[in-house]
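Right after this note come the structures.
You will see subunit A twice below: alongside subunit B first, and alongside subunit C after that.
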Partner chain A sequence: MINDFHYLKPASLKEALAMYAEHDDCKVICGGQSLLIVMRQGMVTPEYLLDIKHVKELSYIKFEEKDGLRIGAATTHREIEKSDIIEKKYPVLVAMEEKLASIQTRNWGTIGGNIAHADPAGDPGPVLIALNAEIKFGNSSGETTVPLDEFFVDYFETKMEHGDLALEIHVPTPEPKFGCAYQKFNLLDSDMGIVAAAASVTLNADGTCKAARIVLGNAGPIPLRVTKAEDLLKGKKLDDALFAEAGKIASEDCEPVADIHASEEHRRHVLGVLTKRMLKKAFEQAQKAA
Partner chain B sequence: MEKQKLSFKVNNDEYEVYIHPKTLLVEVIRDHLGFTGTKRGCETVSCGACTVNVNGASVKSCSVLAIQCEGMEVTTVEGLEKNGKLSPIQKSFLDHGSYQCGFCTPGMLMSASAFIAEAKDPTKDQIKESIEGNVCRCTGYNSIVRAIEAVTQGKYKEE
Partner chain C sequence: MSHAKYNVINTHVHNIDGVAKVTGRATYTFDVTLPGMLYGKILRSPHPHAKIKNIDATAALALPGVKIVVTGKDTLGIKQGIWRRYEELCDEQVLPLEKVRYIGEPVAAVAAVTEEIAEAALDLIEVDYEVLPAVYEPLEAIKKEAPTIHEGVERNVNVTRHIEWGDVDEAFDEADYIREDWFKCSGQAHMCMETRAAMSNFTPDGKLTCWASTQSAYYTQGLLAGVLGLREGDVRVLAPYVGGGFGGKFELDAAMFCSAVMSMKLFKPVKVVFTREEDFIASKRRTPMFYYVRTGIKKDGTFCARESRMFSNGGAYTGMGATALYLSGFFHSFPYKWRGYRYDGYRVYTNTLPSTSMRGFGAPQAMFCSEQQIDWICADLGLDPFEVRRKNGHTEGYEVPGQAFIASCGLKQCIDEIEKWVKAKGELPANRGIGISSCGFMSGGIFNWFDSPYSFSSAVVTINVDGTVELHVGCQDIGQGSNTTMAIIAAETLGVKMEDIRVHSGDTAHCPADLGAWGSRQTLMAGNAVKMACEDAKKQLLEFAYAEMGINIVYDLDIKDRWVHIVARPERGLPYVDLVKKALRAKDGQRIMGRGYYTPHRKGMISPAYSYMMQAVDAEVDPETGKITIHEVMTAHDCGQPINQLGLIGQLEGAASMALGYAYLEDMPMEDGKLMNPNLVDYKVIKAPQMPEAGIIEIDTYEPEGPYGAKEAGEGLTNPTAAALGNAIYNAMGIQMKELPITPERILKALREKKEQEAQK
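Now for the complex of A and B:
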């Protein structure tokens, strides 16, 4: 049973920020596909609920070659999945969305809500971090932009304080010779990942590795970057042995918990395998890329 | 907690209901308006039995606040038939025996109809993906997939 709350429906972003600043015990709802579940369980019982689903200023997908991709926080998963420009420029994002929960959830749930909820098993976090994304959030007195890999603090906790709304995800234009891949391990397509791995690779003109990112999903309190493995790859001519080595590091440099779905040992093993495979996939894409 | 007015369309009719803001869409549809075709299943966004279409897009009405549907158009399974005639997907479900206990059927029909409305010559895999959010414990899904496929192949016409 959901506890009673006062419903706040702002007409604009400005009004939303003002309302949020005014009300202390207030939670923000957009699609509510994560929030309503924990509210029903009585784990979240706010006195006020601020609804930003209809704030039009927060719902957009913009792309410019120089600037990259900007997605408003209230954009639904389905809008991202169906976007032609995202399919063309960031196919990994579309592939990730296609496996995120079910069509019904993607139709109503939003990218900003998913990121702000900060569930370490969420799909967009690892992929967006692998794509070097940053997030803009703001309150009634100003805006802040941080790289997404500095945004998550702990389980369901982010850098946002009371009064802060997630505003925009910014994904830079990929460099030349860039590839990015993501896969989660689960039993049903529409489930959350038992574990997941995203990897991106940028190559130099001579074919050596210019930069790499490895981000693990549901392998700790936040989407985890495996910087030790990233550093191993930098400057090297990449091959299967290096990918296997990076996978081994990933399986060691994570903190997965055991639960009904899988033991810690099994999770570490799968994280290693996924890391190896995603690096190879990203590398092959980078080789083919212009 | 004070009640608030919600004005929206359900199955092409205008409704005004007074609800607590915490009321879920499935509760308004079933308990306030009496459209009991829409089922309550898991109530945790898992099973899809409560699927309805909001502005043409399928959602799980157990996890949508009704108050967020202000001004929107909701279609439930009762809204699929036109002038007393079953819609193509309903007829196809009948012909293909796409249900046994029937509990998942209203949700399946809503997911399928949203898919059919925008699908162009879909593959079998795309049809399977279109009902990924709906659980059926009787049929094994094959008869449901065949029913949707028959409609997308143009074997059923609107009467």
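Now for the complex of A and C:
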């Protein structure tokens, strides 16, 4: 059962930050899709709930060619999924959102809540890191921006501290000849991923690999970069053998934990397969891209 | 048979309680509130096997708001079970006195003024356990050195069942080819949308009213009366709406029992609602089974003999397990003719959540083994799986020796239709295959282990002055739509419209006794009772019509669409409502009332009638990850005359989703007797958007024993699917899946083994 709590409803971002600074035993609630589950299980029992779902300043999708994409933390998964500009410029985000939970959950759950929750099985984390995204967070005394890659610290833990709110996700405009792909492995469509892999590839004009990112989901305490495999690809002419080699590295360099849904061995194996496939998919996109 | 002659049967009729449900007006047990009510919670055992040495509730009772704590000592301590005729199978004290036998077993119950207080009180009850060695798997529990779970039960064997006909050994001698396989079938949670729930209200007049989420109000009434020391008639069970049963809700459960015990002590209403976790860990499950199957066949594909042994994980108590043990063995022979057949089933106690009946009643497990092995034999011998099934399949007039008589059977047409469907799909891409599986199922059991002296089904129909009809039935609507089906049969029989019928069900005080919703029995059994009751009432009406119309007695009269008329000259007649009014006056104001009942006689050991079907599953495997994608399910289905057209489609889709879940998703893994996934994140069920297309081809047959020719639909449809998926995977990848659920890891393992074998050759 959910414990009793005081409900705080700020009218503005400023008020939200002030309220958060003021109350010690306080949890932020946005869509509640992750928080309410742990509250119901009695694992989180805050005295205060600070509801930021209605803070308008946190809900937006903006795109400028030079600056890239900016998404307010309280933007819902569904809004991202249905955004024309994101569909056009970052189709991988839309594809990811379409397979994130049910429509009901996407209608409530937010991108900020998802990232702040820092579940290593979350879908947006790996994709956004592959897209080179950064995150802005702040409290009543200031703001900080860090690459999302550096934001996650441990299972359900981020760089944010008490009083910090996630404010905005920034995704840079893709370079020319860029491709990005993501897939999670699950038994039922739209379920949480048992494991997942995101990959992005940027090609040089001569077709060689300029940069690559490989980010694994649910393969360790945080979204996991496979830098060794990324380095392997850099500067090379990419082909199936290299993708397979990168997959092999991914399956070795990950730290997945077994549970009833899959053994560690199977997780490693599938992470390798997904890495190989996503690299190939990202590469083919990059080849076609302007 | 021609469908055109019916006005209501098999037409597009919506569920009569659909509006109440989708607008939230339907009152489920969960919704019942009464003045002064208390909330009950149950304390459960953390140990799989332990002696209860002492229970101290002092601190819990001191918590403000707590009204009572009860343990086994506050009960009559009666060992109960639904197999009431057999004392040794009545083995479960809902609040045990001496020991607990599985994790989650109730040990005490609390009632308090709020749910929060009741829950807090649970933490304050101190139970002193002496932990005993435990055993979790039947093949371990049956060993001599295994711990004893029930005193006096040797080797923990709870029940055995032997089925045999023909000369099995001689029939094996005639076989050209014999194949043996071992299979392992998993458990499955019933996963009702409504968890177990009961609201009991014991009043100073010594009478108990209990709202319960049950598949049989009558069974609940009888079982409650038994354990509480009350007369059956002093217990009224109400179950106006039930959010699913699937075989898990016709025994006595802890919600019913604990709420009733506490209400009797306090003279206050007490409600107990299981949480989802409680429902998972402590409300029984589909029976896990190990099957050894040995089959002998001639080169030309003629089946000779089958000999099977089955060991099931019974968990801590009998429940409905004894019936599942029998039915699994019986349907394992289906739907084929065997010269010799032998089955030995052993239900073994373990220190796990008890297993029981679940939609398909042991048949889905049996078919998973049988229907896959048949395909493998066909492959071994180069035979056509369609042809072999046609050649050996049941036919009309066949007698399963000593067991059953098959009066109607559309199996051959089912096979023909599915063969056409499969062939029309043509060549499939790599790693994709279609698997088939055929089976049959009963239309209600001829079982009376409950020892009911009432007929199996009964109905009473009364006709009001305005022509509206009150239909009282004991059959239980648990979401499967039986109220609608009964209303359809009543409207058709009486010749009135659907909106003229009001169905009363789920109330033992006002409805006649009926065994309830299990074993696919209601359409045939309750349907026959309703038809008979309506014919009785109609006959009384028509007697007046003869007099009123002054016609030659050689003419036949009938009512259709509220028009009473001469069959040969339909334009000659009078409105039904006028007739009702006249009949009332002529009868000195007595209402027209019809009675009907049904109990099967001279129908063998199992069931009065059998449905038949063949199913095909089109599935694809990712050879690198082992992931399965189901593209489509198609079923050709003989349920006799369909009565409730939309209900039938709903049943088919529901069964397909449940059976697909069983085939490749749902599992109840345990560690040291503890269920590892007692929540809806980790327990995987297919949700509506994830359902593949599941089509249906109805095969037209007529069952003489069924109302208007109807028989079973809905439960049997869970039987073929796991095997059909297994066969699809076999056809796609050449691997044999002998364990459920069929997971990606098991697929990859089988693929590896296949590769190794090929390398060795």
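Basically, the second predicted complex is superposed on the first by the 290 of 290 C-alpha atoms of A that agree within 3 Å, B and C clash if a C-alpha of one lies under 4 Å from a C-alpha of the other, contacts with A are read in each partner's own complex, and residues count from 1 in each chain.
Throughout what follows, a residue touches a chain if its C-beta (ideal position, glycine included) is under 8 Å from a C-beta of that chain, and two chains touch if they have at least 3 such contacts.
Predicted model only: the values in this text are computed from it and were never measured.
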| item | value |
| --- | --- |
| Clash or fit, subunit B versus subunit C on superposed subunit A | clash |
| Contacts of A:185 with subunit B and subunit C, given as first, second, both or neither | second |
| Touched partner set for A:78, first subunit B, second subunit C, both or neither | first |
| Which of subunit B and subunit C A:283 touches, first, second, both or neither | neither |
| Contacts of A:263 with subunit B and subunit C, given as first, second, both or neither | second |
| Which superposed partner A:273 touches (first subunit B, second subunit C, both, neither) | second |
| Subunit B versus subunit C as contact partner of A:102, first or second or both or neither | both |
| Which of subunit B and subunit C A:20 touches, first, second, both or neither | neither |
| Per-residue contact with subunit A, leading partner among subunit C and subunit B | B |
| Subunit B and subunit C contact sites that coincide on subunit A, given as residue numbers | 37, 102, 189-190 |
| Residues of subunit A that touch subunit B when the two form their complex | 2-7, 9, 29, 32-33, 36-37, 40, 49, 51, 53-54, 78, 98, 101-105, 107-108, 189-190 |
| Subunit A to subunit C touching residues, read off their complex | 1, 37, 102, 185, 187-192, 260-263, 266, 269-270, 273-274 |
| Residue ranges of subunit C touching subunit A (in the complex, touch as defined) | 115-116, 119, 624-628, 664-665, 667, 669, 676-677, 681-682, 684, 686-687, 689-690, 743-745, 748 |
| Interface residues, subunit B side, partner subunit A - complex | 1, 4, 20-22, 24, 43-45, 48, 51, 54, 57-60, 63-65, 67-68, 70, 111, 114, 129-130, 132-134 |
